[in-house]
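Each chain carries a letter (A, B, C, D, E and F) given by its place in the written order, and its residues are counted from 1.
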Amino acid sequence: MRLGVFVSDCQKNDSMLERLNGEGLGIFFVENGVYHAVIHENGRDSGVLQKKGVNYYALASDIQTRGFTTSEIDSRVNVVTYEDVVDLMMNDYEKLIWL
Amino acid sequence: MRLGVFVSDCQKNDSMLERLNGEGLGIFFVENGVYHAVIHENGRDSGVLQKKGVNYYALASDIQTRGFTTSEIDSRVNVVTYEDVVDLMMNDYEKLIWL
Amino acid sequence: MAKSILFVISRPPYKSENPKLAITHAMACFVADMHIDEEVEPVVAFVGDGVLNCIKNQRSQEFYGIISTEQHIKNQLASDMRMLVCKEDLYRLDIKPERLINARDMGADIDLNVVGFNEVQKEMERCDQMMWF
Amino acid sequence: MAKSILFVISRPPYKSENPKLAITHAMACFVADMHIDEEVEPVVAFVGDGVLNCIKNQRSQEFYGIISTEQHIKNQLASDMRMLVCKEDLYRLDIKPERLINARDMGADIDLNVVGFNEVQKEMERCDQMMWF
Amino acid sequence: MATISIGLFSSLIGSMNSDFAVKLAETAVNKGHSVNLWFSGNAVTLARKGQKSFKDYSYLAERLKALQENGVAIVACEACAAARGIHKDDVIEGIAVHSMDWYVARAAKSDRVLHIGGE
Amino acid sequence: MATISIGLFSSLIGSMNSDFAVKLAETAVNKGHSVNLWFSGNAVTLARKGQKSFKDYSYLAERLKALQENGVAIVACEACAAARGIHKDDVIEGIAVHSMDWYVARAAKSDRVLHIGGE
C-alpha cells in the first residue's frame, strides 16, 4: 500500500508515524507541519525526519507564510506546490491520512 | 503569587508546567486533563504529578464521565466538585491560567 | 460487490465531537446504498489515545446531559459493526480488557475486537477508503 | 490608577485564530476606559511555541490573502505596546535574534523585548489579570 | 461576594470547554458571585438562535438564558460573530454583542478571570 | 481524470485547514479532476450565508461559490448544521445540505479521499 500522510501540526505526534510501515510512505508537511522541515529544536532535526524509505514533502507556500524560505528546508524534504500535491495524491499514493 | 493552572488535555504539555514556580501552585485537572490523575502510561505516573509543593485537584464528574471512579485517582490528587473549584478559585488562587 | 471504509479513531472522547462523528459517519454507511449502486461496509479501529473511548461505565449523561460515547459504541456493536481496538495502546495506557465496553446487555453477538497494530494496518490495506478522525 | 492585563501567547501562528485574537484583545485595552473609570495597560508575552509568531517575513497575504500575524505585531509595536519574547524558547527552537519582527519601518520606538522566562514570570506576578492564549 | 469573568474561545458542540464554562458560571452564580461570560472566536456560535437540541451533544441555549436571567452578563464578540455570518438579529435574546474592549474592561475590574483560550 | 472527495471537519475562521481544503479543491478542479467537498462538525459554519469579510482572516464564501460553479459538489452535514442553528435557509446558495450517508457514499466511489478530521 502506498500511503500518504499529511502532518499539519508542529507538535510531536511521531508515535503514530513511527508505527506506520516506512516502505512506500509519503509524508506531507503542510500548515504548521512545515516546522518539522525547518526548525531544529534543541539543535536536532525533527524525529519525524528519521524514517527510512520515506518520501518527504513540504508545501512551499506554507513555509513562506511562516517567515521561512524554501532554501532553509531540510535536504531530505522535497519542496512542493499545491499542483504537486494534487499530482502526488493522484499518481503516487493510493490512500491518504490526515493525522 | 498563588497561581491556579487548569490542565484540560491529556497530551503532555508538561514543559510549560515545569517552568512555573512550584510554590503556591495549584493544578486543576479538568476535562481530558483528568487522565493525568488515573492513567499510568507505560506503567508510570504522569510527569505532571512530580512537582514538589504543588496542590493537585481533579474534577470528580470529569473522571466519572470517562469511565473511571474517584477511588482510582492518584493519592496526591484531591477529588473536587464544581463547588470546590469555585471556592478554590476565589479563596486560594489569585490568578488563573487555562493551558 | 461492496466497498469498505475504515474509520480510524485516534483522539480521546469528550474533547471534541470528533470520535462521535466518526461513529455516526460509520453508522451512515448502512444506508449509503441509497445513493450508489453498491453497499458500503464500515469498519472502525481505535488507535493511539482513541482507545480511551472504549472504557466502560462512562457517565456523561448523568453529569453533562449528553449520551455517552459508550452508548454510541454499544449501538454499533448491536448493529454488528466490526470494531477493532489496538492492543499496544491498551497496554501502553494500562487499560485492562475487563474495562472495555461490551453490548451483551443489548444482545450483541460481537465484542470489541482487541488486535495488534499490525492487524489494523492490514485493515488499512484491505479497505477501499480510510477516514482518520 | 491603571490596571494591567498580561496576554500570554503560547500557540504558533496560522493554526487557529488564537494568537491573532490575543493581539486584537490586547489592542482593545487602549479603548477599555470607555467602559470603566480607569485605563487598562496591555502587555504581551510570547512563550513556548508562541515565539514562532515573532519570525519576520511572513507571506500569508501573498499566499492566502490574509493579513499576517507579523503585521499585527508591527502595529502593536508602533502603538508602543510592550511585547516580551521568551529567550529560552527562541534558543530551544534555534530562532536567531535577527529573524525577529521589528516595526522600525513604521517608525516604532520599541522592539520586541527578548527576556528570560523569569522576567515573564515577574510580569505574571505584577499584572492585575492574565489571559493565556 | 466576588466578580469572575470567564472568557470562552472554543466552539459549541462537542467541545467540553463550553460545558465546563457554563457549569462553572452556574456554580459561581449559585454561590452568590457575580459573573461575566464572554464568547470570542468560535465560541460565538454558542450565542446563535435556533440551535437544535440533539441528545448526542450538550445543548446550552436554555442554560445560557437561565444564566442571563440570573444576572450574568453574556456577551459575544461582534467581529468574531460577523465573520461567521452571525449578526445582531441572529443572537439569542438576552445575549449582547460588543467589541473586545467590553471584555478586557470587565476582566480588568474582576476579582478573578478564567480565560479559556483554546481552539 | 479522477474523483477526489475532501471531508473537512475544522471550523471556519483562522483554521488554516479550511484554506488548505479550498485551495486543494481549486487546484484539483483546475487540473480537470472531479471534486466533492463535505463539511461536517464545526466546518458547517463555512456554509453559512452572510459571512462578513475581514482582512485578518480568510474569507472563503466567494471561493466556495466559484468552486460550486465549476462543478464541485459542496455539501454540509444536516445534523451538524442544525445543532449550530444553521438551517436550510441559512446556507449559501449552491451549497447543499445532506445527511452523512451522502458523504460516505461519495467517498466510497471516489478514487481518492482526503478526510481532514481535526477539531
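Heads up, the rule we're going with is that a residue touches a chain if its C-beta (ideal position, glycine included) is under 8 Å from a C-beta of that chain, and two chains touch if they have at least 3 such contacts.
Just so you know, these numbers come straight off a predicted model, no measurement behind them.
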Clusters that remain linked by touching, chain C excluded: one piece
Chain hops separating chain B from chain A, counting only touching neighbours: 2
Label of the chain whose CA centroid is most distant from the centroid of chain E: A
Of D-F and A-D, whichever chain pair has more C-beta contact pairs: A-D
Chain whose Cα centroid lies at the greatest distance from that of chain B: F
Length of the line joining the C-alpha centres of chain A and chain C, rounded to whole Å: 28
Between chain A and chain F, centroid-to-centroid distance (C-alpha), Å: 24
Geometric centre distance via CA averages, chain F-chain B, whole Å: 38
Multi-chain contact sites of chain B, meaning residues that touch two or more partners: 11, 31-32, 62, 95-96, 98
Shared interface positions of chain D, touching two or more other chains: 14-18, 21, 24, 64, 129-130, 132
Contacts with 2+ other chains: residues of chain F: 13-16, 23, 41, 57, 79-80, 113, 115, 117-119
Chain-to-chain touches, reported pairwise for every pair that qualifies: A-C, A-D, A-F, B-C, B-D, B-E, C-E, C-F, D-E, D-F, E-F
Contact footprint of chain E on chain F as seen in their complex: 11-15, 41-42, 45, 48-52, 54, 57, 79-80, 82-87, 90, 119
Sites on chain D touched by chain E in the complex: 3, 5, 11, 15-18, 21-22, 24-25, 27-29, 31-36, 38, 40, 42, 128-133
Chain C partner contacts - residues on chain A that touch it in the complex: 1, 3, 15-16, 19-21, 95-99
Chain F residues within the chain D interface of the complex: 13-16, 19, 23, 55-59
For the chain A and chain D complex, residues of the former touching the latter: 9-11, 31-32, 35, 39-43, 61-62, 64-69
